[in-house]
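Shared between the two complexes below is chain A, which pairs with chain B and chain C, respectively.
Entry: the complex of A and B
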């Protein structure tokens, strides 16, 4: 049961599966860092992007690139609209964080009901078959999906890192995240930064949903569960650390996969929630990464 | 007649749930969405105590309420230590996690549900007797919440909610108040659950999910958070309103999401047009 090839296979599969979790966690952590909102609407955006891609790729038989473009466009437009006509309006009214939360979670649920009404509760995938070509490397099965997912995730994470560290707009996001009113005194528009954070998050969500939909099936209520994983990763990685959230997502995925060796599969669903409690109880501000790593991931 | 009585019973149960949730979120300002899990814990604890251990129904109902209150401390003690946002996240995890646990416990009926729970009353006037009992208990709960929030303790709760730092600087302990009102509100939810179990006599984990959170939250927001009468009117409106859709005879695959959309769109409309709800005082910006 504990022989090396099995452990390596579990480890590899967990790292590959963590690809979409990492993208979701980065999206959630970025919005929380810059706009200071627990953006549960992201679950609704995930659902809308997925079903837009599903319509295009499966129902209308569009090429995958075009289907993905449609899903991406839906995610970006909805996220921008939610920021402009939802969060911004509530912020201007000095609404409490409770109101922002209620808005986010209720809108996510509204979208979930809407999708249930429109598409039913049958599980759907973005490809007719989710089987991917397998290569055996040292006894470990590596699929084409694994390689594609990891390549996309690594490329997008590095691109975000570079964007935040080396561009003026990226620096503006950090400035607003650190102190919005002070940043505005220096001529940086906080509203623009919030909008930008939402749009970047939407891009990560769309990519994550695409990877998820080519690997597993989706039902309209699924995104809220996926979101919870991103939320736990964000807390575990340390609120305010985007790349900490990404690393935490990989860790959680490894933990979930490794748990199959020690706990019955029926109880695996409870593990994520158990971890959430342990995290809140013992690591309420997340893990502290070494100072050099924090300096690098903060981008300064 | 039976149908009208069952709607009245639901109105009573949701009045208890909405009023107790309002105590936590409206008066206490504690952002939690896990109220349905305490409803579930009360229901399951009472049902199981009676079914497997032969505890008399009135004692089982008290036990269910007490169990829900105690379990709420398990949630609030670690999460309130940090900040309000953590309670929110922890509450979602607590609710979904416990539902997963219930689904896997055979003793509690598992995913298939717990059946054969004894009814509190028997005979031809069962529903009438139940409706009167529930409505009296609901009225007592509303009066209790009103009394609690409009006396000295109520002023302390609202002071803690409005400015915790200032409240602490006056030598008061906000944690003690938070845990107390959270346990009290959750205990009342457990009471509603226990009553529910001994009327409907069948429980499944699906009845206590996020949809239920959304429904109770809607009742409080639409009625008016932090008011006594608001959640009562919210419970009345939102239990009676979906009954109108029931008469359309739509298939359940359409009915359930349609009802969900109705609840959630009502909250959204109220959030932007009347954030204080029907009975709350509008705040001047």
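Entry: the complex of A and C
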């Protein structure tokens, strides 16, 4: 029943659909690393970005580039606002991590609620038809969407890697992530670093939401469920490891797709929660990657 | 003495005014014949729900424009269920306990099943119009369907696939709730009984937006055709994702897929899709062309789920006929009397869907029209009686 083309298809589709999960995981892991915040507001930003794009592309019939630009602008502005008037204020009051976490969750839920009131719960996509051209390669269906998603994700991941490694601001982000007060002593503004991390995350969120909305449909409560994937990937990849989170997202997508080989498809939705339990119980500091991979992803 | 006389006159005037107001108001209250409509106004199913509500509203307006029922106006109270069982219970509780309707119309199998105990307990007639789970026929004395259940159209499409199209290996993919579970069983039972083979039987969560897992399993089984039984909102996406995985098999479904959004969202992926319609088209019923013109004039489109809207339009006429029976027999408008009226009248001649016969086993039967998507349009394929 599961011949080679099917197995290859499972693998290919898993890798392709991991694209948006990777982007969400990178966004989440970056803010966790730099600002030490479990930024569940990201779910709210995802929802706001999606519906901004939807309004532009579907309702107002804007070109896709313009619609994406609007969604990106909304994501960036909201993320910056949350950092400037949310997290920063709480930090100045010496609020605990728990308080920041509660704030993030509550804000995300509130945004979800507002989006439900504004847009309803009918599933929406960013294109009228989500069918893109299919190429059959050795019995494996490869769509233009798959290729586009992988290209965008790889390009953005490499760009982030280069930015963090080779630019001054990137080095500042690492410095603040390692030791904020010490970085401040060296004249690096921690607040500026936190803001920059949130803005970069917003860019990844906007890209991820665009890819998701051109392949599947979104409802206002969907982002919180998508966040779960990002959280698991962040923990599994090692808290503090951005590219570890990305690799973990690919792994989780492969695991979820391959699970149909052994479990009924009706149980697939619960697999994410099962994996979360396993990760928290047995890999709370992340999965131990092989040494050569750790060298590449360590602290990055 | 003068003060006392004035006070007494004032009280008498007040009493007379109150009586006059009550006398004037009473006929107005008695002239309104109420019934409830619990449908998705919002939520993922609202694209069908809103059009069905509109159809029913038009029917009520048409009936009242012609004088109502023996001079009394029909009044429809619409409440939102979102196609959700919990919200359906809230809506029906309000219709029954606050609005005191003797009859209500509802749809979506999950909702119908959830509210059935309320109808039976409170002895209020529940008319299921649109839901197709075969279990609906067994939900109690006060629950009747005025719409054929899945064992009519789904069985017909299963037979057509095997006997007319000659496809013996079919995969079934269905939504994991009351709409999909029982209907998928009907398809499987009928198809296997007729000599076919179900090579995959996969399900997906009602809230899912990515169906890759279930679809890959279906693809792995290499079926000749695929039967899809889902909800209105996600079926176009299932078909679109099916095509994205290189699955080119022809797809069959039920009336829920007979939806302009199917072609819009699935694009060329919808070509060849076979759906059912349990309502007559314009060739079979001349009233339908005027109905479609009305939609084009009002909304510049045909309705989502055209056959369902035809049944919902007729639901107001069905309720009007029940009230007419009560009025003629001078019976009070209670749920018990409504139920007796339904069984006493039994055969209804309705404007959009034609003759409706309520069977003793709480079911109705109708001819099944099969349609297919050809060049982006739904065109007639066959009629199964």
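Methods note: the second predicted complex is superposed on the first by the 294 of 300 C-alpha atoms of A that agree within 3 Å, B and C clash if a C-alpha of one lies under 4 Å from a C-alpha of the other, contacts with A are read in each partner's own complex, and residues count from 1 in each chain.
Going forward, a contact is a pair of C-beta atoms (placed from the backbone, for glycine too) under 8 Å apart; a residue touches a chain by one contact, two chains touch by 3 or more.
All of these numbers come straight from a predicted model, not from anything done at the bench.
Engineer: Clash or fit: how do chain B and chain C relate after the overlay on chain A?
Structural biologist: The answer is fit.
Engineer: Contact-wise, after the overlay, does A:18 reach chain B, chain C, both or neither (first, second, both, neither)?
Structural biologist: Neither partner.
Engineer: Taking the superposition as given, does A:120 touch the first partner, chain B, the second, chain C, both, or neither?
Structural biologist: So A:120 meets both chain B and chain C here.
Engineer: Once chain A of both complexes is superposed, is A:130 in touch with chain B (first), chain C (second), both, or neither?
Structural biologist: After superposition on chain A, A:130 lies in contact with chain C alone.
Engineer: Let me test your reading of the model: by the given contact rule, A:89 touches which partner, first (chain B), second (chain C), both or neither?
Structural biologist: first
Engineer: Which of the two partners, first being chain B and second being chain C, lies in contact with A:42: first, second, both, or neither?
Structural biologist: So A:42 meets neither chain B nor chain C here.
Engineer: With the two structures laid over each other on chain A, which partner does A:217 touch: chain B (first), chain C (second), both, or neither?
Structural biologist: A:217: touches chain C, not chain B.
Engineer: On the A-aligned overlay, A:102 touches which partner chain: chain B = first, chain C = second, or both, or neither?
Structural biologist: A:102 contacts chain B only, not chain C.
Engineer: So, A:266: does it touch chain B (first), chain C (second), both, or neither?
Structural biologist: both
Engineer: If we overlay the two complexes on their shared chain A, which of chain B and chain C does A:141 touch? Say first, second, both or neither.
Structural biologist: After superposition on chain A, A:141 lies in contact with chain C alone.
Engineer: Quick one: smallest Cα-Cα gap between chain B and chain C in the superposed arrangement, Å?
Structural biologist: Between chain B and chain C, the minimum C-alpha distance equals 6 Å.
Engineer: Does any part of chain A touch chain B in one structure and chain C in the other, and if so which residues?
Structural biologist: Dual-contact residues (chain A): 120-121, 266, 269.
Engineer: Give every residue of chain C touching chain A within the complex, in rising order.
Structural biologist: 42-44, 46-47, 82, 176, 202-205, 207-210, 212-214, 216-217, 219-221, 233-234, 237, 240-241, 243-246, 264-269
Engineer: Which chain B residues qualify as touching chain A in the complex?
Structural biologist: 25, 29, 31, 33, 78-79, 81-82, 84-86, 88-90, 92-94, 96-98, 100-101, 104, 210-211, 214, 217-218, 221, 253-254, 256-258, 260-261, 264-265, 267-268, 271-272, 275, 285
Engineer: How about chain A: which of its residues touch chain B in the complex?
Structural biologist: 38, 89-90, 93-95, 97-99, 101-103, 105-107, 109-110, 112-114, 116-117, 120-121, 224-225, 228, 231-232, 235, 266-267, 269-270, 272-274, 276-277, 280-281, 284
Engineer: Report the residues of chain A in contact with chain C in the complex, numbered from low to high.
Structural biologist: The touching residues are 1-3, 6, 9-10, 13, 17, 120-123, 125, 128-132, 134, 136, 139-141, 143, 145, 215-219, 222, 256-257, 259-260, 264-266, 268-269.
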